[in-house]
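These notes concern the structure reproduced below.
For reference, chains read A, B, C and D in written order, and residue numbers begin at 1 within each chain.
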Amino acid sequence: MGSFKGHALPGTFFYVTGIWWTLKAVLKYACKRHKRTSYLGSKALFHRVDIVEGIILVCMALTGMLGEQFITGGPYLSLYDYKKGQWVQLLGWHHTTMYFFFGLVGVADILCSTISSIPASLSKLTLSNALLVEAFIFYNHTHGREILDIFVHQLLVLVIIVTGLLAFLEFLIRHNVILELLRISFILLQGSWFWQIGFVLYPPSGGPAWDLTDHENIMFLTICLCWHYAFSFIIIGIIYAFVIWLTSGPHLLRGWATSKINAVIQGASLPHVGSFPESKEDYCLFLFQKPSDT
Amino acid sequence: MGSFKGHALPGTFFYVTGIWWTLKAVLKYACKRHKRTSYLGSKALFHRVDIVEGIILVCMALTGMLGEQFITGGPYLSLYDYKKGQWVQLLGWHHTTMYFFFGLVGVADILCSTISSIPASLSKLTLSNALLVEAFIFYNHTHGREILDIFVHQLLVLVIIVTGLLAFLEFLIRHNVILELLRISFILLQGSWFWQIGFVLYPPSGGPAWDLTDHENIMFLTICLCWHYAFSFIIIGIIYAFVIWLTSGPHLLRGWATSKINAVIQGASLPHVGSFPESKEDYCLFLFQKPSDT
Amino acid sequence: MGSFKGHALPGTFFYVTGIWWTLKAVLKYACKRHKRTSYLGSKALFHRVDIVEGIILVCMALTGMLGEQFITGGPYLSLYDYKKGQWVQLLGWHHTTMYFFFGLVGVADILCSTISSIPASLSKLTLSNALLVEAFIFYNHTHGREILDIFVHQLLVLVIIVTGLLAFLEFLIRHNVILELLRISFILLQGSWFWQIGFVLYPPSGGPAWDLTDHENIMFLTICLCWHYAFSFIIIGIIYAFVIWLTSGPHLLRGWATSKINAVIQGASLPHVGSFPESKEDYCLFLFQKPSDT
Amino acid sequence: MGSFKGHALPGTFFYVTGIWWTLKAVLKYACKRHKRTSYLGSKALFHRVDIVEGIILVCMALTGMLGEQFITGGPYLSLYDYKKGQWVQLLGWHHTTMYFFFGLVGVADILCSTISSIPASLSKLTLSNALLVEAFIFYNHTHGREILDIFVHQLLVLVIIVTGLLAFLEFLIRHNVILELLRISFILLQGSWFWQIGFVLYPPSGGPAWDLTDHENIMFLTICLCWHYAFSFIIIGIIYAFVIWLTSGPHLLRGWATSKINAVIQGASLPHVGSFPESKEDYCLFLFQKPSDT
């Protein structure tokens, strides 16, 4: 991975995955809110999507593992060179291990969606596992490099650990859409940060790399990470607004409007005092207890 | 921010915000406890207050960002000086980034209160985010300074991280008034600690700064932080007592009194054995399950 | 506190408090399990006990604060000596601050038990606060001492932080008797560890202190802490067994016995198949859902 | 323990325990899912198994403690050699202390299963305790050794701490089969990692030990731990599949099949529209709320 492409590839992978998961999470949330009657139908659809997603994940992980092993200069599945008495291409093996655990996420996705005796939360757990294993490997990855190189990788490890812990929290507290989007925002952040690392360590313009010992660069990359994070927030916000607008027709304030209409309809046949609290309560339920009943 | 005013300003901002949030939280709690029938009316009021609060927050964040950029000697929106080959005023950009994330809190406040399809917990999450981003930036802020300078900023980072984690906990466990007040007490602590940092590093009397290498000063500032914390506890206690006294009329022990009166009233028409446990139970509910039903 | 007595005193205080809390927690638990009908009466009793406990705590904290200030060589309430230009007896002020926060626990105990508008969980929160403040102060307490001196204080800080976090967990998850006893076991551990520190640093036999630079001593004190911990477990176990035996009469296996008797009684009038699952289920409920309904 | 056998023995112990716990957890889960009517009978069986398990644990801990004390060159219960003025065999005492806390787990298992007044969660708590005490002792165990020796023990401490925290989480959130299996996977990892330490530090082939100062070896052991972890995952997966296949007869997709059959049966006597949603809902409940109702 010691090149710009080697960082751009996983970055693109995480970014695309993040955007796809955002779409899925918001769609699921919108379906639950609006189409309560036809919900069971969409649930079957989401199951099929999960299976396809799992298969794609497994294929990508396999490609990554084979790629890491059989590129020119790769380890070609040999681990220890007994002649020279040293390990062969351990960094390549590191990446292979990471890909393997992301492959397990795909396997868990497929199993959870096809076999009913496996609890659905297994999928979240393997994701959390894959991320924490990735963080653990990256933590022991950058021995004897320059201060800035270590710093950008430390930030990456921080981002991955937070993502892993959030995925574990999701495993415990399920069906909280905000928590899910938060975890996805960190996946997006990881994706764009891979790109940033590529630009810092292997400038694609061909120019010289950044001064790896300058402390000012560390000061800049600190806020740069925050800007990346803000950007991933904005991306998710745009997707959220777009999907909600798409699924709810012309009125964004549908919940309020529906309760208003209900009140009007009921007000025509029933005395106002009796009907109003009911519709009002329904409105409050939408507004205040959404995360708990989603 | 390298001046007394630069520390007094955010300190005052956090202190005023903290006092305002205490008032709001205690009022909300008191409204829920006493006026169960007219509660829906006050909920609409609180919504309007949230919108105004969000607008004020956005304005303050914008002012802060523009101020940091366009004060004399500020970066004037330029990030990198290509002539000199160095970054321009990175500390100013650090502060701008922090203000931006607090501005996002305001935006989330407005969105949560106006659009019904957005879960209300988003507001807590952005607050937690803004605080943790602030802590992250402050952590990488004090390179190459004196030991005491680093120590007071480390304490600040500790306070901010705890506040951020408490806000995240509030995002998960909602409607717990004690947890909310705890988080606010740390906001107050942060406010007064900014003042303390100002006094330590840039004494407004014009006298010399504290001896930045003396370990005794570190020993004192350790307990000084605790005193600031105790002070913020007392402030919140006074506001709590005042608001509860204001909303409950002359009797602070209203819950007990009400149940007593109920028992007397019911005791007049019903046999004592049947009525007493019921009112007693109501009393116990007030006393023991308050946090769960607020 | 730089003497054997200065460590034995807080040690004894924490040990006595711990044993008292164990008694109270187990009694409360036993009352809830056995006397469901007369439970309300015992609840009023526990309230009065809480008030007395709070008053005792406040008195002890006041005594401690005054003692630290006005012993021979104490700071006598003066903080800064302007003539010499240095702080006065900062270690004494450290201890005063710790006592103050434990006094706040007493105040919260009294307020929670007398004023019904204050949530009962405030008491747990102030305890957690007092412990974490104590840990924070101890952490910045041992600058420039020998390695063994620092190590025993580090272990103390570790114990106090764990206790504080457990108290905070209790604030969130209430009415879990095992969690409460776990927190108390750490209070006991803190008490006996204070004694251990006294023995290590200021041997009461008048002999020379331990070799403060010997690494073997660190190895021993590591397991010594574990033995203290095991001892506090055994103390709590004995109290638990004693109280349960006292409140349940001659049979410890009362739950099982009762269900057996019920089955026999019901079996006399009803067909066996119908009655057995019911009494069995009751038994299972006792055994499996105890912590959730206590 | 300074030999290959000294590491292989606890490794085997943890591995066997882990496999046994996996079998028990999956069997319990399968029993709960399929045989709801005959479940109470199997519950009594599991109780008896717990008692036997507790007795075995106590015996193993006693054997371990006596073995550590009375092997040739062991401390023979003497702690301090007053003649030489030094501690006797502290590492042996370390191991004795660890075994003691695992013995407590056995005692708690027996007590929880026989005495109904003790909450069942005590068993999980003592397990968490034993693991965290083990981690604490191992953390202070490897003073003054080579870098690779320290590294493999640090990884061991990391694994044990995570296991302890997961056991504590299980104490709070009970009856979550995935969480239980996750904790067991770390027990298995600990077991196989003990074997790995034995191979690295005391090669059984009699050849020279690994180069303890080579950084490449650290890089390899990092991913080696991940492979061990993946292996423990696969072991658990195989056991899970085997037990579920054993308890559910020829069809793995029993839940789906049952609901299908139900729908067909009900569809014969009732109108399709009314019966389908009911069976469908039952199916969804199986798939989505399993962890909460297990």
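Here is the rule we use: a residue touches a chain if its C-beta (ideal position, glycine included) is under 8 Å from a C-beta of that chain, and two chains touch if they have at least 3 such contacts.
Chain identities (UniProt): A, B, C, D = Transmembrane protein 45A isoform X1.
The shown structure was predicted, so the numbers you read here are calculated from the model rather than taken from an experiment.
Student: Enter the minimum step count from chain A to chain C; a value of 1 means the two chains touch.
Tutor: Steps on the shortest route: 2.
Student: Would you pick out the chains that touch chain A and also touch chain D?
Tutor: The shared contacts of chain A and chain D amount to nothing, since no chain touches both.
Student: Since chain C and chain D are copies that touch, just let me know if over half of their interface numbering is common to both, same, or not, different.
Tutor: different
Student: On a C-alpha centroid basis, what's the spacing between chain B and chain D, in Å?
Tutor: Taking the mean C-alpha position of each chain, the two centres sit 42 Å apart.
Student: For chain B and chain C, what's the span in angstrom between their mean Cα positions?
Tutor: 30
Student: Scan chain C for residues touching two or more other chains and write them down.
Tutor: none
Student: Treating touching as the only link between chains, describe the layout with one word: line, ring, star, complete or other.
Tutor: Ring.
Student: Spell out the part of chain C that touches chain D in their complex, as residue ranges.
Tutor: Its residues touching chain D are 30, 33, 169, 173, 177-178, 182, 215-220, 222-223, 225-227, 229-230, 233, 244, 248, 252-256, 277, 280-281, 283-284, 286-288, 290-291, 294.
Student: State the interface residues of chain A toward chain D in the complex, per the touch definition above.
Tutor: Touching chain D from chain A are residues 40, 43, 86-87, 90-91, 93-94, 97, 100-101, 104, 114-117, 119-122, 125, 133, 136-137, 140, 143-144, 171-172.
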